[in-house]
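Next come the structures, one after another.
There are two complexes below, and they share chain A, which is joined by chain B in the first and by chain C in the second.
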Partner chain A sequence: MEGLAGAALAIALVGLGLWTLIVRRNLIWKLLGLNVGASGAVLFLVSLAHRPGARPPIAGLGPGPSADPLPHALVLTAIVIDFATLALALVYVIFLTESRRTQDVRRLEREEGEWPERLGGSR
Partner chain B sequence: MAGTLRREPVTAAVAGVLLYLALGVAGLLGAGRGTGLLAILGGWASLLLWAPGFPLGTLGGPPWGVALAGDTLAVGFWALAPLVHAAAWWHERHRSTTFHGLVTLLVGTCLATVLSRDLFNLFILLDLGSLLGAILIAYDLRSRPVWAGLRYLLLSALGMLVYLLGLGLVYGELGTLSLVQIAELAPGLAPPALGVGASLLVVGTAVKAGVFLIGFWLPEAYRLAPVGVVTLLAGLAGKMGIVALARLSEALPVGPAVAALGVITGFGGLVYALWERDLMRFLAYHILSQYGYMLVGFGLGGPAFAGAVYYTIAHCLFKGLLFYAGGSGIEAVGVREIPHLAGRLPRAAGWGLALGTWSIAGLPPLAGFVAKEFLGGLVPSPYAWALTLLGVGTAASFSKILPLLHPARGHGAWGGVLFLGMGVVGFSAWGLASLPGVLSPATWGKALAAVVAGYGLFLLVRRVRVPLPKVELDHISLAVLVAAGLLAVAHLLVG
Partner chain C sequence: MRALAAVALALLLGLLGLGVSGIFPRPGVPGGEEVAEAWGAKNVVATIVLGVRLWDTLFEILVYAMTIAGVKLGLRRLRWEEPLPPVAETPLLRRSADLLLGPAAVFALYVASSGHLGPGGGFPAGAILGTALLLLALAKGVERLSAELREPTLEWAEYGSIVVILALAGALLLLGRRGTAYFIAANLLIAVEVAIGAWVVLHRFALSRGEV
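And then the complex of A and B:
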């Protein structure tokens, strides 16, 4: 993919993800939006590494210019971090669904007073 | 030759970080709570080996080495971290080895963050800190803390997404991620990509730091976390976003934006703190108003940077003490509202709150007074006036907890109060000795006048009730994007 097209697609993905994150009330939708946005950021970094006519940054692929290897290395780490964040957030969503019987952010935000525990409580 | 001489402190510092992280992993795998204590000793030992500091160093060879800096800020946090860790360890000593492993990992992450001078390295460490923080906040698996932890996780993921985009723009423009090299290039914000990128970096980090409105995950999370965890957050881990903002404003010309954020967060947090009745949430709102001092100092740079370093370390000590005393008192009594706690706190909590309150209100000769005078003397006049006003507001909001300072019965948890109290007293003594300028009667009179003015303001505001809007998750997420957009436009116009 050409670098500019990649960057444009990346920005579109980030916009779509953030829109979902802000507008949707359901926690699962919010997490999906966040992840689409994160994929957009990853694509943005990869498209930065693009150089016209370059080969992938792998040693031994032959002569000629290669794409910038640094963003590729960064992207690997960023993907791992996104994965860890999503996994932990999903654990919390499962817990809240079981104990509060809701995934609606507005209800979670506006419930006042004590929250009775339906599960075992503290470990 | 100079290069090899400079490498040794770098090696000692990196070894200290690795030891901390390794002991954290060992604790997670079930090696016992003692790993935390070993890590505390190892951390201090490593600090002794590199204590005078090193100007700059790299981990790994060029061109991909990660830049490190052992400046005053790093040395201060390294001296502070084991102390706060020790207080948290003592309070949570009955918890599982998993918990202590996570705490050790979090402290190790903080030790690495203060050394780092690399944009992507900072990104990883801040994210790791958020993940560990979110796990620890919700560690008891009760639904309210879990919700607070999830809010924190969502907002910090959003902040880090914004940060990553900014990182890409800056890298695309300058071709380096090392803040040292960026500072040497001394870029202006004239290239549009750089102006937008720097704005995104600042806003993303500010979300993580917990700046007013865009980082409003902070009050609920600090209110509901276990006592040891909130001590650690308030005294160490929660300041990592501020440290990252300091590093950014050292390298990129975003200082004015950071200082402006500081003024906004200072007064915003103060307004919420003035009318809050829940003790822990009150202390948490108050952290925001204290961020004002730090960000103004770090943002203005130059001599004010040193003042802000000083203020940050002092703040970590007495804010950690306040949260520890307040939290352990609430644990003992079982209620959270300030009026209901009056006269019911155990002695340790009462004394801890008293020392923290006098210090934060700027009563001479305690650490807060020294730090405020030092920083106030180094910033130019409009900012100095803003900081004085903030000081009056601090005294006013803390007048509210004066009834809590008459402790009633029982001893309570002395351990952490002693650790952190010694820290506050030691820091005050060291500050007075190293800054003889603040000993003049005029500064004492001025500080006392500010405290009295604050008490007067308190008598006025407690008669009125201001319904402050409740800030919800969606508002904060939207505010993050709006703030990023506004800052980017401002930088484009200036550039």
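And then the complex of A and C:
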């Protein structure tokens, strides 16, 4: 039951995150949505590992079924890479905001312009 | 556009729901005892991360290091025209952070060195140490802390730990060596790499603060 509740919450989080990513026009909101979606994916993997009455995947904790260790290992990768890519994406947002003075994707797509000298000059 | 996005999202979420619905058979999980005996680590997750799925972990470390280098180089190019606003300092917070850093570092060391026996490992330990450094930076001020933690030394430690991890992993892949010492060494090195990477990101973002 806990696994199903976790999976339902995870699916809701993924839906919320992806909806924000697609619909919002502000880049910071899009990154926020991406991060919420990634958190939902992490929760989904953890709830996939859940088995009723299972013990943690550590030897010597007694008999009985164990939780699936593979999703837990995948989650470690997801969390670390999510943090690093979010940081890099924020750097690009800072650059865009510095050069175009907007975070609106429609305006960014519409407007063309030179990059300021302190960001490396021409594109 | 919104209708299309809604349909695509509904399909994706339905697919995720199918995954947990119990329609598809779930694979059996091998017993922890056999894994522990074969690899010398009681924690099966640690065995997967540093043993069975080692290539994936190595490339994850490389991707992490590359994105951190990207953040560092990208923010280094930004030069603010106006001086940075000073960070307010409170003696109580500074003293508390000073006192908490030691226990946090010891806990991170414990989590890294016992990650093969129970919950823990290099990645959580690095996150703990990085968070402790962030707390200290908030309390003491970023400029003062970055003067104390010399950046060239940190860069050497970060890239040095990656080289040693790669050498260790190469030795493991070539020689097929398994054992407790390998897990402890790999977890400690990953903790160093993750903590320094997290510090570099937070430090660079803090130095780039200002009005955009």
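Heads up, the rule we're going with is that the second predicted complex is superposed on the first by the 106 of 123 C-alpha atoms of A that agree within 3 Å, B and C clash if a C-alpha of one lies under 4 Å from a C-alpha of the other, contacts with A are read in each partner's own complex, and residues count from 1 in each chain.
In the analysis below, a contact is a pair of C-beta atoms (placed from the backbone, for glycine too) under 8 Å apart; a residue touches a chain by one contact, two chains touch by 3 or more.
Model, not experiment: these values are computed from the prediction.
When both complexes are overlaid on chain A, the residue A:T85 reaches chain B and chain C alike. Touch criterion met: A:R106 reaches chain B, while chain C stays clear of it.
In the superposition on chain A, contact of A:P56 is made with chain C only, not with chain B. By the touch criterion defined above, A:L9 reaches neither chain B nor chain C.
By the touch criterion stated above, A:L32 is placed in contact with neither chain B nor chain C. Touch criterion met: A:L96 reaches chain B, while chain C stays clear of it. Look at A:H72: by the touch rule set out above, it reaches chain C but stays clear of chain B.
Overlap of the chain B and chain C contact sets on chain A: residues 14, 18, 22, 44, 48, 70, 77, 81, 84-85, 88, 92, 95, 119-120. Interface of chain A with chain C (complex): residues 3-4, 7, 10-11, 14-15, 18-19, 22-23, 44, 47-48, 51, 56-61, 65-70, 72-73, 76-77, 79-81, 83-85, 87-88, 90-92, 94-95, 97-98, 118-120.
For chain B in complex with chain A, the residues that touch the partner chain are 64, 120, 123-124, 127-128, 130-131, 134-135, 138, 140-144, 146-147, 149-150, 153-154, 157-158, 160-161, 164-165, 167-168, 171-172, 177, 470, 472-474, 477-478, 481. Residues of chain A touching chain B in their complex: 14, 18, 21-22, 27, 30-31, 34, 37-38, 41, 44-45, 48, 70-71, 74, 77-78, 81-82, 84-85, 88-89, 92-93, 95-96, 99-100, 105-106, 108-110, 115, 117, 119-123. Those residues of chain C that touch chain A in the shared complex are 2, 5-6, 9, 12-13, 16-17, 19-20, 26-27, 29, 31-33, 35-36, 42-45, 47-49, 53, 56-57, 60, 63-64, 67-68, 70-71, 74-75, 77-79, 117-119, 121, 123, 194, 197-198, 201, 205, 208, 212.
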